[in-house]
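Heads up, the next two complexes both have chain A, just with different partners, chain B and then chain C.
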Partner chain A sequence: MTDMKRRLSNRSKLRQNAAAWMIMAPSIALFAFFIWVPLLQSVVMSLFETTNITLDKFVGFANYADIFQNPLFGKALVNTLMYTFWSLVIGFLTPIFMALVISEAPRWRGFFRTAAYLPNILPALAAVLLWSAFFSGEESGAINSILALFGAEPTSFLDKSWLVIPLIVLISTWKGAGATALIYMAGLSGINPELYDAAAIDGAGVFRRLRHITLPSIFNLGSTLMILQIIAIFQILYEPMVLTHGGPDNSTLSLMLLMWRYITGGDMDYGKASATGVLIALILLGFTVIYNILNKRKSDSV
Partner chain B sequence: MKTRIRLFSVAIALCMLITACSSGAPEGGNSSGNGDPTQPSSQTQNPVEKTPTPTPAPTQENPGEVIDAELTAEVSFGNYPPDTAPELELDTFDRWLEILVTQYPNVTPIPDYYSYTLDTYTPRAVGGTAPTIFQPPFTDPQLLISQKLVGDVTDALEEYGLLEKFSPAFVDLLSDENGRIFGMPRDTYVLGLHLNLDLFREAGLMNEDGTPQYPKTLQELAEKGKIIKEKTGKAGLVFPASETFGGWLWTNIAWNFGAVGENALERQIDGRWVVNLTSEPAVAALEYIKSLKWEYDILNADATTTTWASAHTVLGVGEAAMNFAANDSVSNPTATAGLPVESFALVPFPGVEGKDAYALSGGTAYMFAPDVTTDEAVACLALLRIAGLLPFANAEIEAGMRADAASRRDRGVPVILPIPMWNDPEFLALQKAITEEYTNVDQRLYADYFDSMNNGTISLKGEEPVYSQQLYRDVTAAIERVIANEDSDPAALLGMVEANFQKFLDSNVNN
Partner chain C sequence: MNIGGYNGRRRKYVRGQYTGVIREFDAKTPGVRAMQIFIYVLCGIIALICIFPIIWVFLAGFKDLREFMSSTSILPRSFDFSRYVYTWERLRIYNNYLNSLYVVAVSVISALIFNGLMAYGLAILKPKGYKVLNALVMLSMLIPSTISIVPLFVNIQHLDMGGFFLPLWLAAGANTFFVVLFRQFFESFPKSIIEASRIDGCSSLQIFSKIILPLSKPICVVVAIYAINGAWSDFLLPYLVLNGTKFETVMVRLYTYSTQQTATADNMMRSVVFSMIPPIILFFIFQKKLTTNIITSGIKE
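The block that comes next holds the complex of A and B.
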């Protein structure tokens, strides 16, 4: 191909893609303004000593070194991993189960879909406050009132270090599972019904159909939603902030809450807060890379 | 289609129900309830019947003459009462603005509902949207000054003749190293003990003359709390052991156990700040809190998640009989949470037998946006003068003070004397006379609290000097542990906090 022809071809491609670029331009500009630029600014800020949000002095990785020396960082990291663990235990399978049950409902499927989604429309803080009334250790607390019917003494739920993280994950799951279930339902509706018919003719029962048709069909969707769930739960902030304030004894302190405390804890240290944010981003990047490698290996082997 | 409409109706009904349920949630922050134009009480319930046709204070009916037609400024007043505030309160504030624009025709006042918190203020200050005047607590002025987030108002204060009335303690608190001043005191508080007299009465702890048999020592507090718990089933003491509140209250308890002088929690030795949390008195204070839970069992059930604001609500609704709190938040359990003023008392912070008694003293300041001009600051001071909140004894100030006292009385807030902040005997005498005229409470229920400061029974003490918020947060975690776990070791926990906090001081202050 001569140079002239190549140039004409490139120009033609550019003309073809111009419309697509024009459509994407506003989104790219918004992304750049609201996501990429602040992200880069955070990385820069994490390398500086700051006065409020003004950069004062370049300090290299000193902010990172200080964070690693903070005994609360280790605790917050372990807690955040515990949030992730419990989120996978409680929160990953729940929407799949809900989607399967609702999809199989012979009647009122629309009602169940709406009902499952309803907690999602509740403002996040209202949901946490609502549940705090449930978990209240006072006699008037909702759970204690129910327990009292069986003669049980009132008990405190939110001062038990081992229990609080699962309770917070329970609240998040209650609020978010309905929306995720809708996505799974969309995935389930895309499965070819002939597969089920063929399996039924071959004598496959409900569980074999589930194992050999349904779950493999939504595997990719489930994998993507799992990584999104890990990313979301790793950034958990307002639930422990409102429900337990990070306590008791910092047992619900998450990395995001630690970052928040660097700003609001009395020394207004935006440099260290940014460094914590960058560390969270790096950890999540690591998770995603590992997930992609494992996923690719699985696809290759198939 | 019908099904969809039905579902939609159900969804709407649920939303409305949820909104209705959540609207009564207690608001954070303390509230002085002193009718300050930049500090509404923000209560969502008002147990006192509203005045049918609210009228401004009689002496404020005439807004007066133009004082300065040249003063041109656009000023926003933080903490302005929201539209949902009681009508009487809104009318009072609106009237003050009306007088302001009559006296200064070129001043444009802008009500701003923003209530200061450290986390929300920074973006507003940096983005140029901070209210011209706002109210941070005494823990924050030095931080805000060092972070260049507040404006210099020395010239405006001088022009208004306020500098000479400043107490030296407030000058240090509100100025930078060059002596420039960035604010003025709004109110001060001294920690004491809020009492719910209904529960004291039910527990048989009232004298025949109608005064409570309140605890004078921490030991008595535990014992009387136990009596209350046994006789009423309600908590003897509500203790906010979350965020930084637990550590904050613990410092006062520790001082009373003797954590002062050589045993001070924070001391500067040879230029180095040293923290001492493992002294005998400091450990005794944490053991005391532990005993309240595991020996006397008088704490409220959710102590580890109770905040300063919710503690007041717990007392106000009768779920606890006592709360470590101060004169600046008497409106919270009463007007906000519904406790009638005659069922409320404020008494001195309990001491320890044979030891000096201390009470933590702090307060709230008025500070100004970083780009404030002298004219804007003068316009803000003019509004405070109209509201009767500046230390001048004249007819206008008197009118403002009367309107303020009447407003508090009508809202069901105890009308009591503020703790003096200014050196002006004439102003203080006027304040006393008006308080006595409008008071709605039995003064005997507050007398010991105020007398204890004047007769030397109790010494006032400011917060620990270095990174106090950080200290409180770390100690609060230890408090949460002793409340949650009967087998916890207070001395070991404080040892850990001490080691970590010393490291923090070494890297942030001592380096």
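The block that comes next holds the complex of A and C.
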């Protein structure tokens, strides 16, 4: 190693560095074009008045002020928080439960794991359309025909504003839980079985082992996956866009859908759309910072 | 590594594998036996919930509109494939299939080359200043990408790249997740191989094409699977770029059809089925690779 370093003259090292940057240059250009530059631009654009796609004049924070005055923004913010709440109630625990149950099946585990992962590979849009037919208010809708077996009248689920957000979260959980469960299963399989044996010798039953060995050892994984889930659900767009168009009465309008409406709606207001995007990013950044502080405090106290 | 207790040789072992909380000696007590049966029931319910909606939509596609709207039976009255054929031709889905296949094919190549080279630079070449670049790449993982869709679309319009596949192909080449997958794999290479080939006079690019690439088939397959599925399922950017042109992909077509007044529920269900078939085929071919790789990359995170 040191021998080789000596042999490489400074010049050839310089040439190697240059070659390395040349090799990465096309990729860097793509990252810049598709990720970094648009990110900066959206901050800039949010400070301008725009017509179509041209920046007209600098307006400072006027776009933000307008958004805050838009009554739909408050509604979308509250809805998005509701999505987050329900996704923590339904979506966070489901994969943990799935992973625990499937890991305990001594046989056919491969099959159960495959089945659980299957919804994950479906295109998001197709999954949403599939569920919209499933929840259809007609008596032929799949859920209604199942309920009819128990003698229930057909209900139009997606018209009930109190029910619709939990239903949407249910759909996104159906699609995403399997992949998350696989990560938990990997965490579970990393637990040394001898711990369980030792605890069993000390007289701990199955549930005490679960409580004192299994759950603590996936705690860290769980907190990481929780913040990732919050970040994902906060950007929910497809489900309300396709399923309910934000209705009934804007009760499923999310922040991302509000942004989408600014772009594709009649006014094509890119300035306000960017400002909405920046606000979403700031809120998520806030979540991440809080998470890191909590995480640090916890690891300091341990 | 024996992931999740799956091991082909031991499948014959009658009692199965006990890698969880319940140990093999527990299974002898009747209480735990009952619990195990309950666990199997729960597993069955989980599998049913995951699979049933997919089977349901395939079956629903065989119904005509009247049957679809009125029949409460899950099974169709007859398995009439001509209805699928009708939708396929009527909505010209074959056109969208061709477009999607074209997008997918080039996107995969672009994803492999550009993300691979980026990871090669970050994991092996490590030129002066690479840490800044690394931080920038990682940063884009923290910040939601959907935020930048507005200016990105504007830029694409400005460069007059709208209305064709080019932006979608190139977008596949800037994927942080793929870079991370490649980088993890490259970091496991012994440094000595690379140093030895350098002394033998290989240039950096030659090392990549002659040494790194041939050894990286496993990770290339994994990235390719994700890239295929991602390119097929992507909607937001394809919609903004291709909407209203003759280059609409299957996902764009699915959405525009769902917003049309003339859309009928039976055609809708069949289009959903058509859009799901390629990912499902891909899933069954590479099922094991997909379900185990997520695991290993999940542990490392």
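The rule is short, and it goes like this: the second predicted complex is superposed on the first by the 269 of 302 C-alpha atoms of A that agree within 3 Å, B and C clash if a C-alpha of one lies under 4 Å from a C-alpha of the other, contacts with A are read in each partner's own complex, and residues count from 1 in each chain.
One rule holds in what follows: a contact is a pair of C-beta atoms (placed from the backbone, for glycine too) under 8 Å apart; a residue touches a chain by one contact, two chains touch by 3 or more.
These numbers come from a predicted model, not from an experiment.
Aligning the shared chain A places chain B and chain C in steric conflict. Looking at the shared chain after the overlay, A:Ile121 reaches both chain B and chain C. When both complexes are overlaid on chain A, the residue A:Met256 reaches chain C alone and has no touch with chain B. When the two complexes are overlaid on their common chain A, residue A:Ser299 makes contact with neither chain B nor chain C. Once the two complexes are laid over each other on the shared chain, residue contacts for A:Thr244 go to chain B alone; chain C is not touched. Of the two partner chains placed by the overlay, only chain C lies in contact with A:Ile280; chain B stays clear of it.
In the superposition on chain A, A:Ser161 makes contact with chain B only, while chain C stays out of contact range.
Which of chain B and chain C touches more residues of chain A: that partner is C.
In the superposed model, A:Phe111 lies in contact with both chain B and chain C. Of the two partner chains, chain B is the only one touched by A:Met268; chain C is not. After superposition on chain A, the stretch of chain B whose C-alpha atoms clash with chain C is 116-124, while the remaining options among 116-124, 134-142 or 458-466 stay clear.
In the superposition on chain A, the residues of chain A contacted by chain B and by chain C overlap at 53, 110-111, 114, 118, 121-122, 126, 129-130, 136, 138-139, 263.
The touching residues of chain B, counted against chain A in their complex, run 3-4, 7, 11, 14-15, 18, 21-22, 25, 117-119, 122, 125-126, 139, 143, 146-149, 241-243, 300-305, 307, 319, 467-470, 473, 476-478, 480-481, 483-485, 500, 503, 507-508. For chain A in complex with chain C, the residues that touch the partner chain are 1, 4, 7, 16-21, 23-24, 26-28, 30-31, 33-39, 41-42, 45, 53, 98, 100-119, 121-126, 129-131, 133-134, 136, 138-140, 142, 144-145, 148, 174, 178-179, 182-183, 185-190, 193, 196-197, 200, 206, 209-210, 213-214, 224, 231, 234-235, 237-238, 242, 256, 259, 263, 270, 273-274, 277-278, 280-281, 284-285, 288. Touching chain A in their complex are the following residues of chain C: 3-6, 15-23, 25-27, 32, 35-36, 39-40, 42-43, 46-47, 49-51, 53-54, 56-57, 60, 68-74, 114-115, 117-118, 120-122, 125-128, 130, 133, 136-137, 140, 142-155, 157-158, 170-171, 173-174, 176, 195, 198-199, 203-205, 208, 229, 232-233, 235-236, 240, 251, 254-255, 258, 265, 268-269, 272, 275-276, 279-280, 282-283, 287, 290-291, 294-296, 298-299, 301.
Considering their complex, residues 51-54, 66, 69, 71, 110-111, 114, 118, 121-122, 126, 129-130, 132, 136-139, 141, 154, 156, 158-161, 243-250, 260-261, 263-268 of chain A touch chain B.
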